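Both of the next two complexes hold chain A, though its partner changes from chain B to chain C.
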Partner chain A sequence: MRRLILAPLLALLAACGASDDRTELVVQRFFGSCQADYGAVNDPTKADGECGIMTALINRFEADNPDIRVVENVVFWPGYDQLTAQLAANGPPDLVTMHSSAISDYEARDLLEPLNPVLAQAGVSPESFTPAARAGVMVGDQVMGLPIDVWAPLWHINMNLFRKAGLVRDGRPILPSSPEEFDAHARQFHERTGKPYLVQVTDKDFAGPMRIFYMYVMQQGGAPFRDARHSNFNSPEGQRALGFMRDLYQQGHSVRNQDYAGAVSTFLKGEGGVLIDGTWMVGQFTAASQREDSALADGYAVRPFPAIFKERNVSLVDGHNWVMPRDERRTQAQREAAARFLRFFADNNFQWARTGHFPAYTSIIESAAWRALPHRSDIAVLTQIGEPLPRFVRRQSPIEFIVGEEASAAFTGQKSVDRALQDMQRRADEILQSF
Partner chain B sequence: MSALRRPPPLAVVAVVALAVLMLVPMLWVLILSFKDNTALLADTASAFVPPYTFANYRNIMGEGQVFTWLMNSVIVSLAMTAGVLIVSSLAGYGFARLEFPGRKILFVVVLFGLAIPEQAVIIGRHQIFSALSMHNSYTALVVPGLSMPFGVFLMTQYFRAIPVEIDEAAMLDGASRFRIFWRILLPLTIPAQATLGIFTFFQAWNDYWWPLISATDGQMYTLTVGIAATQVNFAQAEGLGFLMAQAVFAGLPTLIVYLIFQKYIVRAVAGAAGQ
Partner chain C sequence: MAMGDATLRSRLSQSAPWRRWSGLLFVAPYLLLFAAMLILPLIIGLRLSTTRSDLFGVKAEVGLENYARLFSDPVFLKAVGNTFYFVALTVPALTIIGLALALVLNNASRWSAVLRAVFFASTVLSVTVVTLIWRLVLIPDGGLAAVIARLFGQAPIAFLSDPVLAMPAIALTTIWWGIGLPMVLFLAALQQVPRDLYEAAALDNASRPRILFSITLPAIRRTIALVVIIEIILQFQLFGQAQLMTGGGPNNSTRPVVLFIYEAGWKQWQLGYAAAAAQVLFAMIAIAAMAQYYVSSRKEPA
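Right, the complex of A and B next:
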């Protein structure tokens, strides 16, 4: 009996004591954890959604590279508080997911390692990135990250309501190309369907209003930032953009009192014509359009944000990337492991692109396989006209919150446009001049 | 029970109605936790009609590290509760009963601690633990919580409320100061200890910020940090049922603690209120 108890204990101790000579690669990411569904899946083609595909890709990498032990640290989105704390404690992970808009902040403080040598070792050329992806990770001639994707705000369209409103021609949605046309389409839509044209986030979540405001300013040829220390929101372009957003809302062309979840639900229930949301929702809405009981049944289309102000054909984009925080203790073996990991992600970028995000590589954008995915050919142009916010602006994350908060206050009528723009600029400048 | 002490029926109805009203959000969370995420994404009103599912709870249980995080939370909360009770009792006794130079000033300094928010000290605290290479350890998670000015203040006031004649009588009988503290005064402070213990346990259990930046290794996550990390992006829309199941799962241990110690907790709160 004693042996029966002791034997497993000794085996356990032996296992604990056994040395693991694999190279440890600490990978920190957001996108959630879904071990119950995908913990044992190492074929990315059998996974769906951001979390599922990311988990399966990492499982696959581990299976293909038995000499590397991947320690996967999943963090709550976006994870920058944890990363900053880890950098302060001199214990950063080897690779971290980071938005393109956040790279400048960490790069300016010399907290990121340029990936040029690692990518050269991995055989990944920045020339293979799409222009939008390249703009997201390049600082001068330094490559600060390996792009995972590019994403952008899109117009998700309920074609069933558009048909009813008479806004479909040759099976394609008719989209406005000027503020006046936008107003006319919205009126026509409301008259024929009894519903608002626009579904957008109006409360609590400020990312949506921020992106729309930036988009309208950029479409007018305006620059949201003058230089690294000064924003430029209180400009003629800012006035026109925010005034237009307010007019749409005040004239009843938009839903009201919607947070993010509410706006998505409202669109899925067929309570509005156009939802402004990101690339990540393409898969969900495509799936909904294939269900007979859905308001989107056989009636979903997606398009780039239309050029309402025609001075520039441009679209705001951001992206997810792998970056390598500086760590003097990182060994050559870990660098080599990181190079193989990045190469693996570059090679399997098509699988990630099934999430709805844009691939980061021109070869995939041009491939028949990607264009055969639902709706991708309708939005592919964004990889050419997509433009991130200026690289010289740091602290973009808190500034984005301010821009969204003030824009939301203005178009919902809580503040005048003038006051909101003044406050937006003052608050942003305080941040830009605080370091 | 005499007729005089029986509460009026209207009051009973009002209390029951208020209790139900208070339970509504919790019931809403519970119902949502048994619904499919896709159905909730389309319409949260689907919560009122079947089908219901355990999938969200299965997904939580299927997360390999969830029980590690649960155990971390239990260890940290219990250790912090025990530590706070020991430190606060000793300090409270000292301030209430002992004469030493600077006692009043020191007590004022402790009271100042009540007015200093965690945000004001957290960077300095993080730097200290970084310099000591102590992040990602139970020590780092527990030790900062031991300095609880509220606990010292509460215990000081409680010890002060106990007649000093009790100490004098015990001294006449030859009891040492520690014996008086341990055998006589400390048992009299049980209601305050229970109140402080409950308060500390729940605070430690629910703490998010410090564990977020100190326990950055997934193996050292507490439950609050761990379950937040498992959320997919835009979980409020795409994973609402899972989000609610997480809330139930995270709250369940505290509910169990309450059910087990219900009698003591009610007595403690009633006793503290009567003081």
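Right, the complex of A and C next:
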């Protein structure tokens, strides 16, 4: 009897002790967790959305590389607190997703490993990256990351409401090209649909207001930053940009009291005409437009941010990348595994581009297959007009939060435009001068 | 043998040096832990607060510059004001409501047991769940509060978007979340009050308010002081609710000191500045708790 009990216990113990001699590759990423829907999917063509496609890609890599055990850490967006803590504790993952705008902070503290040798081993040439993707990862001659995509804020349009508002010509949305036209369109939209023209984030999640403010400043030919230590928000361009955002809000052209999730939900319910959001929503809204019960049924279009201020036709862009934090304990086998992982992602960049993000490789962006994806020809111009913030601007992430917070306080009427711009500039400069 | 042990124990207990050190030996494990986990970090924090540093090292010694910056930083000063406001909203409410619930539920009926469990249940939830529940209650688009407002023909109120209402909304969430602890502490204290005092009061035909103010409250005064001190310390450390419900907004109206510290240290990589703010928070909590202790112990009868 005792043997009967002991035998399975010993077997269990032996199983626990069995060594896994596969090379362990720890990858840390945002884009969410969706194991319930995509945990068993390893065909990326059968997945949708950022989370689904990323999960399926990693599953596929594991299936194709049985000698590598991928440990996947999914972090709450954007995950930099966790990464910083891991770096401080000398326990970083092997590969991490990182925005192009965040690379300069980590690179300046020598926390990232240049990927030149790893990419050479993987057979991926930086020359194959699009200019915007390359600009996001290059520091001098060093390649600090493998670009996953380039993204930009876009105008997602409810064409059903635009038709009702008389803002469609030849099947294409009529978009404003000046502040006055914006006001006229928004009034016409509200009169004919009873709904606000603009769906935007006003509360809590400040990335949205920040991007709109930066865009309006850049469209006027202004530069949000003077140099590495000084911002330039309290400028005539900043005044005009924030004043315009406040006027739109005060005149009732925008939804109110919306955080990010609320704004997306409001747009999906058909409660507004234009949602200002990123490329990552193109796939999801396209899918919604193919459902009969959706407010976007057969009625979704997407366009680059229109040039309201005509001095420059420019769009703010950023990008997602895989970077390799420095870790002296990383073995050669892990480096090789990382090289294969990066090669796999470079080879499958088209699948990732189905999310709505711009591909990071010229060959894909010029391919007929990418152009044939829904709406891509409407936004392809962004590859020419897209412009990131200058590389010298560090601490972009916390500064973006401050800019969004102050802009939001100003356009919702809680603070004057002058005061918000002064506070925005003072707070940003304090950060820029703190290192 | 037993006699020998007893003699040895007796000798040891009479030896003066042994008597002096034996007590210390008993508390040594805790003292070591206390020094390693609290005193040492406090000293390191003080040291960091005089530097310009990030998580990867010290860049420069700046003396008291971080403190000077803090006291001229409007965002920090507003965060201090917000924190005091939040403490003022929550600590009296948690104490009074906790006491009231304990008084009502301090009996042996089955319903009291059920209600005690119900009121304590929210305490076991994580801050993420609590804030998610309350956001669903408070959001103006389809939230419970909005549905109720519409039932009465009123426009929904955007609690979390209004600089005046956002902090009371966070306070309400916190009171709902944290009411279990003071209630349980008061219940434990109430069960220690000698029954004969109540019997004597009943014989004297004392009124219920008289019993409350002359017997119950004086008997549990130490627990009241304990609850107030614990709650002051807890509520000064407001973080998760503000971060998850409002992110410190709108217009900096709900940013508490701990969120300021987190943003400065982790988001902005200004660890020295964050450490200075942490020292200020430590001083605030220590002064408030000591003031409360002083006031409550002064009232004790000689």
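Here is the rule we go by: the second predicted complex is superposed on the first by the 416 of 435 C-alpha atoms of A that agree within 3 Å, B and C clash if a C-alpha of one lies under 4 Å from a C-alpha of the other, contacts with A are read in each partner's own complex, and residues count from 1 in each chain.
Simple rule for what comes next: contacts are C-beta pairs under 8 Å (C-beta built on N, C-alpha and C of every residue); 3 or more make two chains touch, one makes a residue touch a chain.
Keep in mind that this is a model prediction, so the values were computed, not measured.
K.L.:
Using the touch definition from the top, say if A:L111 reaches chain B (first), chain C (second), both or neither.
P.N.:
Only chain C is touched by A:L111; chain B is not.
K.L.:
Where does A:A88 make contact in the superposed view: on chain B (first), on chain C (second), on both, or on neither?
P.N.:
After superposition on chain A, A:A88 lies in contact with both partners, chain B and chain C.
K.L.:
In the overlay, answer first, second, both or neither for which of chain B and chain C A:V201 touches.
P.N.:
A:V201 sits against neither chain B nor chain C.
K.L.:
Considering only touches as defined above, state whether A:C34 meets chain B (first), chain C (second), both or neither.
P.N.:
first
K.L.:
Go through the superposed model and pick first if A:A407 touches only chain B, second if only chain C, both, or neither.
P.N.:
neither
K.L.:
Is A:A288 in contact with chain B, with chain C, with both, or with neither (first, second, both, neither)?
P.N.:
In the superposition, A:A288 touches chain B alone.
K.L.:
Return first, second, both or neither, reflecting whether A:N73 touches chain B, chain C, both chains, or no partner chain.
P.N.:
first
K.L.:
Would you tell me the residues on chain A in contact with chain B in one complex that are also in contact with chain C in the other?
P.N.:
After superposing on chain A, chain A residues 81, 84-85, 88, 265 contact both chain B and chain C.
K.L.:
Of all residues in chain A, which touch chain B in the complex?
P.N.:
Answer in residue numbers: 30-37, 39, 49-51, 71-77, 81-82, 84-86, 88-91, 259-261, 264-265, 268-269, 280, 284, 288, 294.
K.L.:
Which residues of chain C touch chain A in their complex?
P.N.:
Chain C residues touching chain A: 52, 54-56, 59, 69, 73-75, 139-141, 158, 160-161, 163, 245-252, 263, 266-270, 273.
K.L.:
Hey, which residues of chain B end up touching chain A in the complex?
P.N.:
On the chain B side, the touching residues are 41-44, 58-64, 126-127, 129-130, 135-136, 212-214, 216-218, 225, 228-240.
K.L.:
Quick one: in the complex, what on chain A touches chain C?
P.N.:
By the definition above, chain A touches chain C via 80-81, 84-85, 87-88, 105, 109, 111, 202-206, 256-258, 262, 265-266, 395, 397-398, 401, 405, 408-409, 412, 414-415, 423, 427, 430-431, 434-435.
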